[in-house]
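Labels A, B, C, D, E and F are assigned to the chains in the order they are written; within every chain, residues are numbered from 1.
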Amino acid sequence: MKLISAIIKPFKLEDVRESLAEAGIDGMTVTEVKGFGRQRGHTELYRGAEYQVDFLPKVKLEIAAQAEQVDRILDVLMSVAHTGRVGDGKVFVMDLEQVVRIRTGETDMEAI
Amino acid sequence: MEQQIFHLQYALDTFYFLICGALVMWMAAGFAMLEAGMVRAKNTTEILTKNVALYAIACVMYLMCGYHLMYGGGWFLSEITAPDVTKTLEEFAGRENGFEGNAIYSKASDFFFQVVFVATAMSIVSGAVAERMKLWIFLAFAVVLTGVIYPMEGSWTWGGEPVFGLYSLADVGFSDFAGSGIVHMAGAAAALAGGLILGPRHGKYTKDGRIQAIPGANMPLATLGTFVLWLGWFGFNGGSVLKLGDMSNAHAVAMVFVNTNAAAAGGAIAALIVARVCFKKADLTMVLNGALAGLVAITAEPATPTPLQATCFGVIAGVLVVFSIVFLDTRKIDDPVGAISVHGTIGLLGLMLVPLTNSNASFFGQLVGAATIFVWVFGMSFIVWAILNALFGLRVTDEQEFEGVDQSECGVEAYPEFFPSTKYVE
Amino acid sequence: MEQQIFHLQYALDTFYFLICGALVMWMAAGFAMLEAGMVRAKNTTEILTKNVALYAIACVMYLMCGYHLMYGGGWFLSEITAPDVTKTLEEFAGRENGFEGNAIYSKASDFFFQVVFVATAMSIVSGAVAERMKLWIFLAFAVVLTGVIYPMEGSWTWGGEPVFGLYSLADVGFSDFAGSGIVHMAGAAAALAGGLILGPRHGKYTKDGRIQAIPGANMPLATLGTFVLWLGWFGFNGGSVLKLGDMSNAHAVAMVFVNTNAAAAGGAIAALIVARVCFKKADLTMVLNGALAGLVAITAEPATPTPLQATCFGVIAGVLVVFSIVFLDTRKIDDPVGAISVHGTIGLLGLMLVPLTNSNASFFGQLVGAATIFVWVFGMSFIVWAILNALFGLRVTDEQEFEGVDQSECGVEAYPEFFPSTKYVE
Amino acid sequence: MEQQIFHLQYALDTFYFLICGALVMWMAAGFAMLEAGMVRAKNTTEILTKNVALYAIACVMYLMCGYHLMYGGGWFLSEITAPDVTKTLEEFAGRENGFEGNAIYSKASDFFFQVVFVATAMSIVSGAVAERMKLWIFLAFAVVLTGVIYPMEGSWTWGGEPVFGLYSLADVGFSDFAGSGIVHMAGAAAALAGGLILGPRHGKYTKDGRIQAIPGANMPLATLGTFVLWLGWFGFNGGSVLKLGDMSNAHAVAMVFVNTNAAAAGGAIAALIVARVCFKKADLTMVLNGALAGLVAITAEPATPTPLQATCFGVIAGVLVVFSIVFLDTRKIDDPVGAISVHGTIGLLGLMLVPLTNSNASFFGQLVGAATIFVWVFGMSFIVWAILNALFGLRVTDEQEFEGVDQSECGVEAYPEFFPSTKYVE
Amino acid sequence: MKLISAIIKPFKLEDVRESLAEAGIDGMTVTEVKGFGRQRGHTELYRGAEYQVDFLPKVKLEIAAQAEQVDRILDVLMSVAHTGRVGDGKVFVMDLEQVVRIRTGETDMEAI
Amino acid sequence: MKLISAIIKPFKLEDVRESLAEAGIDGMTVTEVKGFGRQRGHTELYRGAEYQVDFLPKVKLEIAAQAEQVDRILDVLMSVAHTGRVGDGKVFVMDLEQVVRIRTGETDMEAI
């Protein structure tokens, strides 16, 4: 099993979630994060003085999936979360040793 | 010694106007808070900026030309000067009806009272077109509405001038005590024209045509705004008696206060119950709109109804406003604060209720008056909005709308430190 | 010409009542903001809804029957009609004490002033039972309190009727100028009865009996509410002089303004110092309660004390209220906004301070009056709450309480876009 | 019968003072909201506490000694007693100019009106030193400013006393109608002295000397505060006519309302345009400061300008205030709310505009007056701040400043449930 | 060493934390997240129109622990965070290669 | 590739980010979290009654990096995020199997 952690632009969340659902991926956990990367923040003026907004609001999706599903998920992300502009985000894939569903006690495959 | 009494009457009536005017000015804050509470966090600074700026523009434009167009008094109020005491005292002495005759008071206080009314009309617009219109376009419209469109219409009604020299509304039996039609429906007509050209907010209607509610960001603000308006309305209606300084008029002012309050209370309760019955929940925003609807409905005639009648008028308004809001929503007329229903639908209702308790008004006259106001204000506004649209576009870009107009128009976030959890929910 | 003077006096006194009434109406907004700031975010929409609705209900019920029960005037104010000018002028001419005699003014303005008082009494209740009581049950209680319980009690005090025909409070030397007891302690008594049946909020007391503080969600709102109340109180106490239109009364009104302000200031400072000494921190909520305590304390007699005395009364109230709040908390009487202490404990204090500066009142009379009010309001309220509890249950379910009553009762979140970081901290 | 007229005039003028005073009292809420909106979330409870406490302290100190120092009246107002009706009537009858002569009214209402002014002066200070000064030190300063520094200065100006027995400001042609200099510039001078010793907030200026803006946490609050101030200002300036009860004075009051409003409107529009031109965005905070600047500028003489002139004065103030704010920022004088510019720079501007429309004032006189006020208030304040600094330190520790003074000073968070997303952005 | 990442219902946090403490687990990091899964959001009415609240507030606990502790932690989670109703959440276990305590520089076992 | 997850004190974020940038690490994702550990929360008084603020605001940095960079990153964290007082935080290092840059589709090394 793998844990896919994807950083995407916030306004893509809704589309990504729907596309993932169509691809059979229903469960996920979403966190609001701030991203730093090539995409730079912007400078704002407040009362005539500048201030730097460094961080960019991003959304992190965490999806536990079976190894076979990873490619499908990556495909969805690459197509739906993609705008082609800097700051589209990254996907990280990690190994997941164990999964447990708290409600039933099911583990691993059944728990996803 | 009678002269001293005239002095006092002059002073008392002037003071009465000023205090009522100050209460109406306070309504500007009420609209600002109501609207700031009903939009999303990302559009809050902009709506606040609009509200402060439109109030300021209304004051300057009405001073410059609006008051003159509506009542005379000279461009820039040049004819409002210190009273010639001797002449004014003679005027007092020569009144028909004597002491109980018409009020004589400082013209400056009259201007002050009237100027805050224009601002009210314009405030109505800002709510309806919130969250998607360019700031500067909106302010340009404000210049025209407060400088020309409203004053012209006001001159035909309260100003007593014939409509383009054609017919006189007073003659057909039109009566609008404090402005259900002249102020509120007029504001709503301008808002409707703008809203039609502007179109709904992104995300308000899904591709498959479903309505998608967009909750306001700050309910305490919306509630505060409603209380402010409620308070200010005592000045709005109470001052419209136009005289305090004798027994009958003083009592009339008192009745106006009582009825204004009763109608608002009736409207709030009615909307609360309708919301509970129809939506299963006590939707606070409907309660607030219900109270305001009661206020708008009684505004056309707050003096003649009994308190019981006033309460009932409020109830009718409170019921109607809920259905009007829901109906406009199904018509895809997106109005974030419900301004068109509260001030337009109920403004008309208010006008039509007048003949029930005031025999000087006729249903026919009310219809003619309402039509005159609506056609003029809606028509002129539509033209102005359309021109602005053709020249500059009314609407911010989709990206700006998504990110919030606070950033694109004002560069200042309303709540920069609070993490908006639904920032990505369009 | 004397008649013209009477006209003016009538107009001036009417206006004075209306303005004072408008200020008291504004207190409804103050209570709404104070309470909205002192509850948790998840219960904010509901407390706002309660405040708007209770004000509306109070207005309708008092108009329907309350005012009639308390002062006469007919059901639905049917007896309040336009003044017969000639007869009223005769009344003026025939006054004992002549020009400086009792005020004559529009009955409608009197109603307006009185109606906002009953709303105040009911507002006190909403704060104390916040965050756990069903909305509709609360509103049902509001109907009874504002329509019957308060007006009955009011008829024995300000109305001058004997208590159930048995004894007259005026005769025993009871004096409550603007309602420390009649309005504030009465509201607190109703709140206490409700609170006892209702029980504390979940999480307020741990299983092992420790008190667990539950901070309010929005301090600026609470502060705004306090300032609004402070301002409104000038109308509350100032209007209770009941006449403005001659020299002595005008001065009395001015003294009332000065003393009201001085007591609030004294209360705020005292509570600030006590909080600093006892809790090591300048607890803002205690400062706010201290200011309100000063206001409640001076309300029973704002005219006779010197400004220095008024300040001292405020200081006493500000000290006492802090200890009262802490004490009630240890008694497991959970009162999110401190309403029972501010209005109840200090309302009683206010009554007992009257004889110090007003020789028309006696300690015995004050005790009898306080007991009468308390027994009646607490007893009747307890019965009504108990019946409502037996029939429908006063309290929302535990799950609803956990999720917040905004969701279950109103379906509208107060701050939908702000991520509440302690949502899970019960 | 004339006596009855005097009674009424007394009552009307007293009432007028009280209502104007109540409006000015409301400004305390305005400052509280404005400042609470312009600081960061972590310092909000503390600024609210300061605002409530400083108002209370101002009331007590001015009652105790301030009013006596400025106008007489006895320590603790001991000489303000109920009017001797007969003697007062004689006073009325004996007035120069007769009925149109100077106003006679309750001394208590005068105190009430004056006491809210001193609170205004102190409120100005709290904004400028926000987010870094110790609460108790600030309150200690408030005691001195409101008890001594302001009353002394007030005695030389409105009180008519010669400056230390040396020269009389009235003689040199100094005129400050409602306090552009006496109240606003004085408050700003005290703030400047404090700010200089205190230094800027951490993070306001980077190590390499760049200015780093620190956005305020809550724009709706700041806007509300501005509207409250705008409303209150009608009382501030309107009451300063000092008499309502005859035709000329009533008209003067009305003109003051009109001009006050016009100047604010002009200031808001001007600042909006300047911000748009210079910063490319419609910076709401500048618009708010612009409106306030218009109000401060007109305060020195709101009666003599025409409405057009008043608007222009407002425009000048609105332009100047933006540059003043930016300039002070480059000078590393950190003023979170812009108080020094709004009340200081523009207060001075207001004084210098007076001779343009009021021939009783001379530029020289205005300069002498401004210098006198500034030297006294700045000098004394500097000494007091310096002593407090030496004894206790004005400033919280760096760690407390980083965590927010809400925690260290008040122990109560302003918005405990909202997750501040930039908590770590110093 | 393992990193245990548990998604639970927010109102269970307090109980879970106390039970973990009793089980000797003192350190953890908590994030507020939004969950999507079988448990559906709800529909609300606002001004007569519906809107869908899709996400459900959840809390993510991250606990670095020694491999031997994992079962104990899972036990606590399964018993204390369990309500039996849909949406109780999931537990993910991942391998942790290295842990460092910033204050002391201690690593791995000592750093937990 | 490794995923470094560091829990630090919020007020150190700015310094850490700058130092990492100097060390050539530009990309990272930041989450606001609450920490429980040896550092205890504090007790506050509100209206005379106590309440316990258990959690401490912390910031979580997630940095995807090449294995060789890990030591450099740890060095930066140990020196810049260090105050020596309890609560300085922890660093966790995990293995990262795959990285994809959504904008370009680049993977692994190129994607970081």
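Side notes on the structure shown:
Keep in mind that, in the parts below, a residue touches a chain if its C-beta (ideal position, glycine included) is under 8 Å from a C-beta of that chain, and two chains touch if they have at least 3 such contacts.
In this text the structure is predicted, and so the values were computed from the model without any measurement.
Annotation of subunit C and subunit F: jointly contacted by D, E, touch as defined at the top. Using the contact threshold fixed earlier, the set of chains in contact with both subunit B and subunit F is A, C, D, E.
Measuring from the averaged C-alpha position of subunit D to that of subunit E gives a distance of 53 Å.
Computed centre separation for the pair subunit A/subunit F is 18 angstrom, with centres defined by C-alpha atoms. Each of the following residues of subunit E touches two or more other chains: 31-32, 44-46, 94-95.
In subunit C, the residues that touch at least two other chains are 1, 5, 8, 12, 19, 215, 218, 224, 279-281, 283, 285, 411-412, 415, 418-419, 421, 423. Contacting chain pairs in the structure are A-B, A-D, A-E, A-F, B-C, B-D, B-E, C-D, C-E, C-F, D-F, E-F.
Taken together, the subunit E residues at the contact with subunit A in this complex read 2, 6-8, 31-38, 54-55, 58, 60, 70, 74, 77-78, 81-95. The touching residues of subunit F, counted against subunit D in their complex, run 10-11, 13-14, 32, 44-46, 57, 59. Residue ranges of subunit F in contact with subunit A, taken from their complex: 3, 17, 26-31, 64, 94-103, 105, 111.
Residues 402, 407, 411-412, 419, 421, 423-426 of subunit B touch subunit A in their complex. Interface residues of subunit E, counted against subunit B in their complex, comprise 44-52.
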